[in-house]
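Think of it as A, B, C and D in the order they're written, each chain with its own count starting at 1.
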Amino acid sequence: MSNTKLCVLGGDMRQLTLACYLSQKGYETALWGLPYTDSTDTVSAYCGDCSCVRCADPESALRGSRAAILPLPATTDGVRVSCNYANADSNNSCCELRLTRLMEWLPKGAPLLAGMPSDVMRAMARDENVKLIDYYNLEEIQIKNAVPTVEGAIAIAMKELPITLLCSECTVLGYGRIGKRLAYVLHALGANVTVCARSEKDLSSARIAGCKAMKLSDYQTHPCVADVLFNTVPTNILSIDMLEKMPQKMLIIELASAPGCMDARTQKQCRQKIIRAASLPGKISPITAGKILFESIEQILVQEGVLP
Amino acid sequence: MSNTKLCVLGGDMRQLTLACYLSQKGYETALWGLPYTDSTDTVSAYCGDCSCVRCADPESALRGSRAAILPLPATTDGVRVSCNYANADSNNSCCELRLTRLMEWLPKGAPLLAGMPSDVMRAMARDENVKLIDYYNLEEIQIKNAVPTVEGAIAIAMKELPITLLCSECTVLGYGRIGKRLAYVLHALGANVTVCARSEKDLSSARIAGCKAMKLSDYQTHPCVADVLFNTVPTNILSIDMLEKMPQKMLIIELASAPGCMDARTQKQCRQKIIRAASLPGKISPITAGKILFESIEQILVQEGVLP
Amino acid sequence: MSNTKLCVLGGDMRQLTLACYLSQKGYETALWGLPYTDSTDTVSAYCGDCSCVRCADPESALRGSRAAILPLPATTDGVRVSCNYANADSNNSCCELRLTRLMEWLPKGAPLLAGMPSDVMRAMARDENVKLIDYYNLEEIQIKNAVPTVEGAIAIAMKELPITLLCSECTVLGYGRIGKRLAYVLHALGANVTVCARSEKDLSSARIAGCKAMKLSDYQTHPCVADVLFNTVPTNILSIDMLEKMPQKMLIIELASAPGCMDARTQKQCRQKIIRAASLPGKISPITAGKILFESIEQILVQEGVLP
Amino acid sequence: MSNTKLCVLGGDMRQLTLACYLSQKGYETALWGLPYTDSTDTVSAYCGDCSCVRCADPESALRGSRAAILPLPATTDGVRVSCNYANADSNNSCCELRLTRLMEWLPKGAPLLAGMPSDVMRAMARDENVKLIDYYNLEEIQIKNAVPTVEGAIAIAMKELPITLLCSECTVLGYGRIGKRLAYVLHALGANVTVCARSEKDLSSARIAGCKAMKLSDYQTHPCVADVLFNTVPTNILSIDMLEKMPQKMLIIELASAPGCMDARTQKQCRQKIIRAASLPGKISPITAGKILFESIEQILVQEGVLP
């Protein structure tokens, strides 16, 4: 085993997977705030044995660590590290880690890796002279995450629609990482896919990939009828006028982060069923999502000189 | 509207869909024993308006009909017509239709179309001089049904596995209609697919389609490790010895009809999770499954001279 | 090296490839009537070293052989073994092997493996008490050969058409081994594929695979317009009336064996360009085609007890 | 017909196609320096009737034109407009158009659309106060052109290799527009594809698309063995050392513009067969390539206010 100590704080099965891979690479990996038993067994079944050390408190996990790794997202309340499973432990009271405490306990010079840190957290790190790195910022992590996101979306559509995706009419709003993969998989399954995007470049790519393609502005004036609409664009595209022109049976699967493709008022008036399907990778494929985190975080730790 | 009267007795949303399409073709379509409200709305949303006539009792539905159409399967208890939603109605007592009564009320010369009728039922029809036709016997209905079956199986695998199908190891036992479509879809999703089949012909086809292929007998002596195993062969293939060599995390999705790929004893001893996923088309895509029934039944009715 | 001697007589690079693989398996492999130098180098580059023994005359090649393997097709003139490259040798006169001689020199009990032997040849073998086996009769050899056939057909279409296959209109007549693979590849390249076949089963399969599908009889009354028509059915389908309804620019690629999809008279009157593309595997992918022969012939020799 | 006059000068079947589509939109389209008869018939067969006016000299073609459109590339000798078919005409002497003359005759304010104009030509336009627009600069034109380029490359590989692409080992250098499409098509045909690229982002995308992926720098130290190598990167990647490690039978298909993947000296020493396959769209699919030009040029003319 190498001398390098790392610590993984909070999170869910993805962080357990990440920690498992790090320990297999020979690094001393301290854990705090992560789920036990069942999840650990699942991680071992897929990733092999791990020799992480669970710590009773975050301070001892952090002590001597060359880097600390926080969940994705790093914090949900802006005050504490995300710690989904913490409450399941016996002593809730001690199962929290405030960001202020974390920065205090973090060894000097050790970078703090966090997924989508909030602005407040960034400011805090600046004040405390902590090097904060957003590992979710790497384009490849988002490319890889498109796969579990799309598998989750497809599974939802298969389950919810009383028809097969084969020969169904699907609309995909946006042709970025998720839109591309989604359109590809739907097409492979035999669906009739219409991609709506802004740029000619994206429309051309979509057509070559076997889809119909429509300028987003044209779609907004002449929305096409579909059995299911997948949105991947985090801006208001759909108005109540458009929704009224579309059939009530049309299922809307929202994959973009809030506010998604309609504002709150439109959402309320909308007759169609909307399924909000955010953060699918961690939910539908936590082991794969954890492995994706590992690959990118290892690369960052090498760049930062923490790992050789 | 044509003068031809048809009747659809029992079943679920598939039969409602079938009836809807028949009525749209202009035939007088009498229904009995089929679900109300919600299901009817869904059928209309996907298939358009229908003008079927619901009858209070099977006798009036049958009166004057040129053909009677039973569910798939036609009967589950061997005595009564399958009538899933019957119990939901207010007067349970009257909501049953015995096969004996059916044969009695069926107009002379009218063919009885049934899905997978039991041997007892066939004998009964012979005795009563009723022309019984198994519409599930058409190869194209089974080819088409492979699609919803596979979509259901894929959705289950996506939901159950903590990893993505992309890069997962999948074993498919059998390379008939369902095995072929399943291997194709898994391969399109980026899974590593191993097909196990008996004939060289099937093995060659599977290899050309981008899969690894193994003789079933070789698989039985050297089972390959997988994240998920899909069985499509209705004979005992897996022994407890084989299962012990395979990882516990391996998910088994059973798509073949009973007894499936292991006998009752093996099933009990099996450490791996088994999901029985029979009759997926009616469950996961009832509208599509109903449309498939319609296409084949219409063709049979034309051949029988009932429809022009 | 094993004691078993085999001989390979006549043919082209496919037979050289076959012989190379047989010798690599440790069998003494005698060759006669096969091309030299360039072809041998190509075979070695792809298949590795081979230690076949070239014989000056067929009699010595046959002496002591446990089986003799003839080309595909075994004979083109009904009298001599096919020997494409024979004429390229210095002494043409001696470079022929009459079937009558072959049967005479063949060791007692040794099976004679031949590709598509003619009826005359079969009769001759019966008379001489020779066990004649048609190795091309195996379904898997035909399934595997569909791949090089289709690659050849695709390359022709790409070269001949002034448009891309993406978005082109393609008609495929027949949905057997070649038709299936062809429709699959064309669809993968983004072409709009219409499959014409006789059975509902094939039409259903084609539709599931993303193609339009038409009953052959409907096509004959209402032929659809296309940029390219691929025929895989060895019976007259196209009449001059049909061809007149189709655009002159439509390219016809004939993949079926003679007479193909039109009779001699229709062919003469046809304004469209016809490319006869028979026997593509040996022409476009001789190494692959030879390997396919090897796999099937080895299997037959095992079944016959010649190889262990 | 609209009052707008446009002129198309020089080029090949692509420009004929472009002109045909422009005339079909109702614009007066003057041609000069374009091929006759056969090509015109082919264009009509695919694109429909066109009412372009052929001019005897470029001056009359230019007179009154609201825009002038030059070929792709606009000039090959830096002095004259590319005019491939000019020499085939009877009076060679008059069949040339010098850029200096062109700029002189071009009506004031009319934009000059040219494909990949040289630096000299750009400077000339600046001096003459001519608005020169490079229509090949649009990303969508390059995305669309990737399709015929890839079909051409695939047809070459099918024709040259004695094996099928199914199960062949293919290396693709670069994962830009052409590399992506090429990898996709090869994978669809069942080839084993290794993509070599510089960025993690591209490597991740290639892996998701079913390919193996290697950092270009790793490939340069450990080149992988392949049956065919496709290069899409216009920089020297291959050294003679690398080429010596790779088999002689490996076919190299060079798709990048000069100098391609090796310098002149390496090219001379290289034992492997190299096929330079530049400018494939115009060669293999001139009608499609012309249609692609039309779509982009029409869009530019609208932006420039020439067309409504």
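For this structure, a couple of remarks:
Keep in mind that, in the parts below, contacts are C-beta pairs under 8 Å (C-beta built on N, C-alpha and C of every residue); 3 or more make two chains touch, one makes a residue touch a chain.
Worth saying up front: this structure is predicted, and the values here are computed from it rather than measured.
Although subunit B and subunit C share one sequence, what matters here is the overlap of their interface residues, and that overlap exceeds half of the numbers used. If you average the CA atoms of subunit A and of subunit B, the two centres end up 37 Å from each other.
In terms of their C-alpha centroids, the spacing between subunit B and subunit D amounts to 52 Å.
Centre-to-centre separation between subunit B and subunit C, using Cα means, comes to 40 Å. Residues of subunit A in contact with two or more other chains: 147, 166, 190, 208. Shown here, the protein chains touch in all possible pairs.
Residues 166, 190, 208, 210 of subunit D are the ones touching subunit B in the complex.
Considering their complex, residues 138-140, 143-144, 146-147, 181, 200-201, 203-205, 208, 299 of subunit B touch subunit C. Here subunit D touches subunit C in the complex through residues 13, 42, 45-46, 147-148, 151-152, 154-155, 158-159, 161-167, 185, 188-190, 247-249, 284-288, going by the rule given at the top.
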